[in-house]
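After the structure tokens below, expect a handful of questions from me.
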Amino acid sequence: MDIPDFRQNTATRLGQTRRISLDIAEPLSAEEQVVQPSEDASPTKWHLAHTTWFFEEVVLKPFDPGYREYDPRFNYCFNSYYEALGPRHPRLQRGLLTRPTHAEVLGYRAHVDEALRRVTGDGAAALPQAAWDLLELGVNHEQQHQELMMTDCLVLFAGNPLQPAYRPAASEEPREPLDVKWIAFDGGISEVGHEGGGFSFDNETPRHECLLRPFRLANRAVTNGEWLEFMNDGGYDTVALWLSDGWSTIQREGWRAPLYWERGDDGWSQMTLRGLLPIDPSRPVSHISFYEADAFSRWAGKRLPTEFEWEVASEGVAMDGNFLGHGALQPCAVANSEGLSQMFGDVWEWTASPYVGYPGFKPAAGAVGEYNGKFMCNQFVLKGGSCITPDGHVRRTYRNFFYPHQRWQFTGLRLASDA
Amino acid sequence: MDIPDFRQNTATRLGQTRRISLDIAEPLSAEEQVVQPSEDASPTKWHLAHTTWFFEEVVLKPFDPGYREYDPRFNYCFNSYYEALGPRHPRLQRGLLTRPTHAEVLGYRAHVDEALRRVTGDGAAALPQAAWDLLELGVNHEQQHQELMMTDCLVLFAGNPLQPAYRPAASEEPREPLDVKWIAFDGGISEVGHEGGGFSFDNETPRHECLLRPFRLANRAVTNGEWLEFMNDGGYDTVALWLSDGWSTIQREGWRAPLYWERGDDGWSQMTLRGLLPIDPSRPVSHISFYEADAFSRWAGKRLPTEFEWEVASEGVAMDGNFLGHGALQPCAVANSEGLSQMFGDVWEWTASPYVGYPGFKPAAGAVGEYNGKFMCNQFVLKGGSCITPDGHVRRTYRNFFYPHQRWQFTGLRLASDA
Amino acid sequence: MDIPDFRQNTATRLGQTRRISLDIAEPLSAEEQVVQPSEDASPTKWHLAHTTWFFEEVVLKPFDPGYREYDPRFNYCFNSYYEALGPRHPRLQRGLLTRPTHAEVLGYRAHVDEALRRVTGDGAAALPQAAWDLLELGVNHEQQHQELMMTDCLVLFAGNPLQPAYRPAASEEPREPLDVKWIAFDGGISEVGHEGGGFSFDNETPRHECLLRPFRLANRAVTNGEWLEFMNDGGYDTVALWLSDGWSTIQREGWRAPLYWERGDDGWSQMTLRGLLPIDPSRPVSHISFYEADAFSRWAGKRLPTEFEWEVASEGVAMDGNFLGHGALQPCAVANSEGLSQMFGDVWEWTASPYVGYPGFKPAAGAVGEYNGKFMCNQFVLKGGSCITPDGHVRRTYRNFFYPHQRWQFTGLRLASDA
Amino acid sequence: MDIPDFRQNTATRLGQTRRISLDIAEPLSAEEQVVQPSEDASPTKWHLAHTTWFFEEVVLKPFDPGYREYDPRFNYCFNSYYEALGPRHPRLQRGLLTRPTHAEVLGYRAHVDEALRRVTGDGAAALPQAAWDLLELGVNHEQQHQELMMTDCLVLFAGNPLQPAYRPAASEEPREPLDVKWIAFDGGISEVGHEGGGFSFDNETPRHECLLRPFRLANRAVTNGEWLEFMNDGGYDTVALWLSDGWSTIQREGWRAPLYWERGDDGWSQMTLRGLLPIDPSRPVSHISFYEADAFSRWAGKRLPTEFEWEVASEGVAMDGNFLGHGALQPCAVANSEGLSQMFGDVWEWTASPYVGYPGFKPAAGAVGEYNGKFMCNQFVLKGGSCITPDGHVRRTYRNFFYPHQRWQFTGLRLASDA
């Protein structure tokens, strides 16, 4: 019996995705992979193990009668936040997991990969559709952790006095910044959300109508150069620009620039995956909180787009861009082009939309129902993916979400205005 | 020259409102009025002074050339959060303001009231429209603080081991709880927000279209009896019912019931403005957080309404109910009636809507632009007013807002569902 | 049957002491007496009630069969830290006790005073010696709270933007500071601790021998002028002067001067019980922590005396000085005199001695055994009393104790050195 | 020219000590050596580097003109708390030091060891006495860190859900616990402190006279079995046994047993360097705070000895015992013997003595003056060394010190009483 094409596709992408995780970890030694660099971030080794645990716990144990659990203690070690799957190691102590060792985690991966190859190869016919759906979810889940492996590595290296580079920088000519152009969009009723056909997370559904007013979007993301203007104009000292919670946050934290920026004798530099680099004014600003994005937009006399404005505007925009496969590992200056640029890749763009469920939203059944739904409070939606998002991971309807104070992701912004 | 009617109306309501604040404070001694009972709450005396400061700073000093400032140090003492109006006494130290004394604050009120009578009486013709608008704002501002005076007094008395009553309870027969009925509403495009004509806060504007799907609303608020069912069914112990932030909140705070509930040998009682009373199953549940309201609605297989569903449904519902003037000082059991009950008064109803600006929202000009706009983050909208909201204060379009963990207001919920 | 003289003496001092507490509270209104101004400090009303509770709970209830308890709820309200006497209102919420009202607390005092007069008057013969001992303890206990009433009032007024004075300052000529003279003392074995005959706290016993090396003591306390030299010489910025815990404390708290000092255009001022006054260089420095005293002594090339050096040196020094009855309410400049000055009164002098039990120390029996013993850890001994210590309260053997970071008492220092 | 014997001795012990550190680290992989397991503890790799930095910074750079600094950035990375030696990496972020790598740190050690061999070998004659003294200090410093490497490894493994053993346990027969015998000692004037001749830390000097009263010491340490009696008798629930700060600590932390104890179906077990083992009633109790030691002694009707009682009693006791070289890696049951047992090795014994400077104490000159003196506040003295103290490290006069709440060292107690 033949495997249908889409299943073959899942199996292929599964194998590729599993390999890419190892590729991402490869430049890091075992001692680099074990450390938890902050409360938000997790150790590389933990990411490698947790993504493996996901397949073991969600696919292999329920659906593969012949599967032999690798180590019964790993469920406790590598469950992240699934209450339905039992007690787990405290999030803030992930860095204490020197055991299982790095080598054991690689063994765990090999064991699970072997089982995944079996159930998607010779055993593919026996695997019910529900399991294939969960495999597809597992691929997307692992892609999300690939992005986290990169951002969390940057936290680690930025906290190290030797300021190492994940990968050294190639010498590059700074590009000339381009002026913003404003693209106008009509209002009216539009459909938003995922329409089915291919994978999506539950939080992108159900597809539904929304009502928009005419609006304009900037053709590109806000740049470091523009952010320096904001700083030089006293942006961080002007209370009238800030949400009340934002103002108290920047006072408490002492923020006066994006995360990883440091001022030296020769001006501002930024710690990046390519080490400490001078600020390039033409690249998109990154590592800013929602509060900062919001204050900047007020300073500029504009506003953030809603998630639906962004989604409607993105129709027809090609979903390629500066993603992980591009290899830049940092946001890149926009090229001279027509229409909307940098919608996909470069930086996650903060929207004005609180992260809540769509009308009629129902979480997925089972433990994976905890994947998205229980976080629908106190966070904001971001769109478009970043320079370290794995290729093929995001969609127009993709909804990323973070708390308004968080900055360790590659987060930036694009301005909008009423028409 | 005659004063137009609407101005006369403002002047009249101004005088009434100023008197009601004193009436509310009257049962409390000076030593009761000085204490700050919690981080959220403020001293009664501070409320009396701050509402007076508002008129002095926002109306009299800018618009009345003959006004003599009462005491230049009071701006520092009684500014709440208006960054544009200078530095101020720290919020958490309001209880240290034993000076100015209670008597001095009453003198301050008399001085400002005298000036207000002058500018709205003999001097009314000279007062520009902007000042009249701000007077109207001041009236509504003071009404909000009247509600806070009551809730903050309850915080104070609930924290006192002698559990005093603000006003003793009249003996009352408990009413029979009524079954819920579900009222259906059509979807489609509706107009929401304030349409002008009469006072509104800036956050109720601009009026705009929204798109709703068909929905149902419960005809009454959720009762204490229903909440006890939720508790007895393990609602506070069932993680699957809770938002992630809600679950961590109730664990951290040890919440196992609404605020002010305490379990005794004879079952549950609740500290109220009328002292410690046994839980009455027929009254609306109150003093719950958004997290608890959300979890309850999930347990009930329903959801919270959005603010727009609530607003559209409220069309045609009379804006009377169990408000402050009714004198109950606690939510009351619903009477047998047709249609939607308890929409106005009794308890503020949590909605599913994060508190953000409406499309095209512009904060009011000047310092009062800080009134609402800078809080449009991390909070949720509540509708309808409570048993201690001053009569005539709320509107269908009125948007109250609190953080999802806050419980010291008279906050409850009404269930909704998709049609 | 006649009452022995010493009992008559106790009865007389009891009456006087109870009256003095009311005198101290008298300038403060009810609304000033209810507020808890900091975590360390308590409301005046609470002090008035707690000292009364002490007599009721420790003397009247156990020893007076005819005593009628004033209100059974007051034990919960006004117990401070006696675990043996039942649960109690949380220390940090003493400011919530608007009820019982100020008037009720005065009634409580009158009721207990009446009973105390009875048992020490007509009923004196029936009262066993243990009760007389506890009455004497209660007098000394109330005196300690009289000092706290003053220091806590200063916390309250210093936290008030209007900076009120407890009692206005008389105009006074600043006195010329006197040079330090060094008084030498021999070493050898000396007896320290209370020798019996008259009241002492249990922590002053047993009297025992200690071995001292020859040492010198400064003839007077360190002055504000000397402290300014320390500040101007970078004392607060020189890490080598500080204990490690002291350095981290002043960094965390941002201390750059004694408590209540503020720098204005005309130099330094200090908030005092007589309002905000310019720093007088000739007066003893006050409101410094042990850490600051220790750092100053290192800066000066000296050290703090031990409690035993202080006690031995104090032999023969008259136990009068600038105490509460003197009326200055602040430390005073030393007069030109022979020998040791300012040993008693003016400021509590930090010693180098950790507060631990003397060899063979046994806490008093019963609930009052919690009075001192359980605090013998992490604190330091201070000697000599202050400008607000009630007259007749301290002795040469008196051991006051505070944590090394605490500054809200009238705490200063006297330098010592090896001979 | 020959090197004097005592210098040869220092050179020999230097080489041995440097090797022992590597031996201790050897069972741990690079990924185990990089993690900081708690605020109190440091990574193994950091200990290896810091002890090396100490020799480089304190001996080689000042005294060896030919020394080539290994990496100028390491001073920032591996300075612990020496303010005089410049800014340093924050203590709580030592676990972020994935770079320099484990291999680089080994290279650093080799480089410094090579230089140390040179200056103490061929160059020994040129090295001034001050440098030899600092070498001796460096040896003792590294021995202290060897003990910390073991205790910090236990923190790491105890925090790991797999509960690994540093070295597996040999099967062993539990020994029969022996009854306590009380040894009496006379009072009088004794000399305490280091008398010179051989190395000591500055805090052991100057030698001075102290005055003791007659006392008794238990002949052995308190055992696990006795601690279980304390627990079973409600020791952790009886407020009257505890210092006030101790009681609030155990409430806040939820302590109901020594650190690392856990209750299972078969009774209590304890995480040790040999993995999770059942509690052996005959072994000394370990991993208790001063607060617990103090409460236990009160429960037992005894008290803790002072440091001077302990020191005087130890005269004539052989300074051997269960130290690191013994290989047990845990406290051992006492053998049947005469006189005082377990004075050296097994567990550090809490004394009743706050850690302060001796009369006439002067810190060592230079940066190493920060070694001990600045910590003379808020800590307590412990005596005798533990089962993981390097052989030959402690002396009768040795003063270890920890805060009263700390439990991660091998800390126990021995009872004392007045004679």
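In order of appearance the chains are A, B, C and D, and numbering begins at 1 in each one.
Throughout what follows, contacts are C-beta pairs under 8 Å (C-beta built on N, C-alpha and C of every residue); 3 or more make two chains touch, one makes a residue touch a chain.
Fair warning: this is a prediction, and the values are worked out from it, not measured in the lab.
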item: Both-way neighbours, i.e. chains that touch chain B and touch chain A; value: none
item: Distance-maximising chain from chain C - centres being C-alpha averages; value: A
item: Listed chain pair A-D, B-C or C-D that repeats interface A-B [over half of contact pairs the same by residue number]; value: C-D
item: Gap in Å, rounded to a whole number, between the CA centres of chain D and chain B; value: 60
item: Centroid spacing, where centroids are CA-atom means, of chain B and chain C in whole angstrom; value: 46
item: Whole-Å separation of chain centres (CA-atom averages), chain C against chain D; value: 39
item: Residue list for chain B, restricted to those that touch at least two other chains; value: none
item: Chain-level touch network, classified as line, ring, star, complete or other; value: ring
item: Residues of chain C touching chain B in the complex; value: 29-35, 37, 45, 73, 76-77, 89, 93, 95-102, 156, 159-162, 164
item: In the complex with chain D, residue positions of chain C that touch it; value: 81, 83-84, 189, 208-211, 213, 239-240, 242-247, 291, 294, 352, 354, 356, 359-360, 374-378, 404, 418
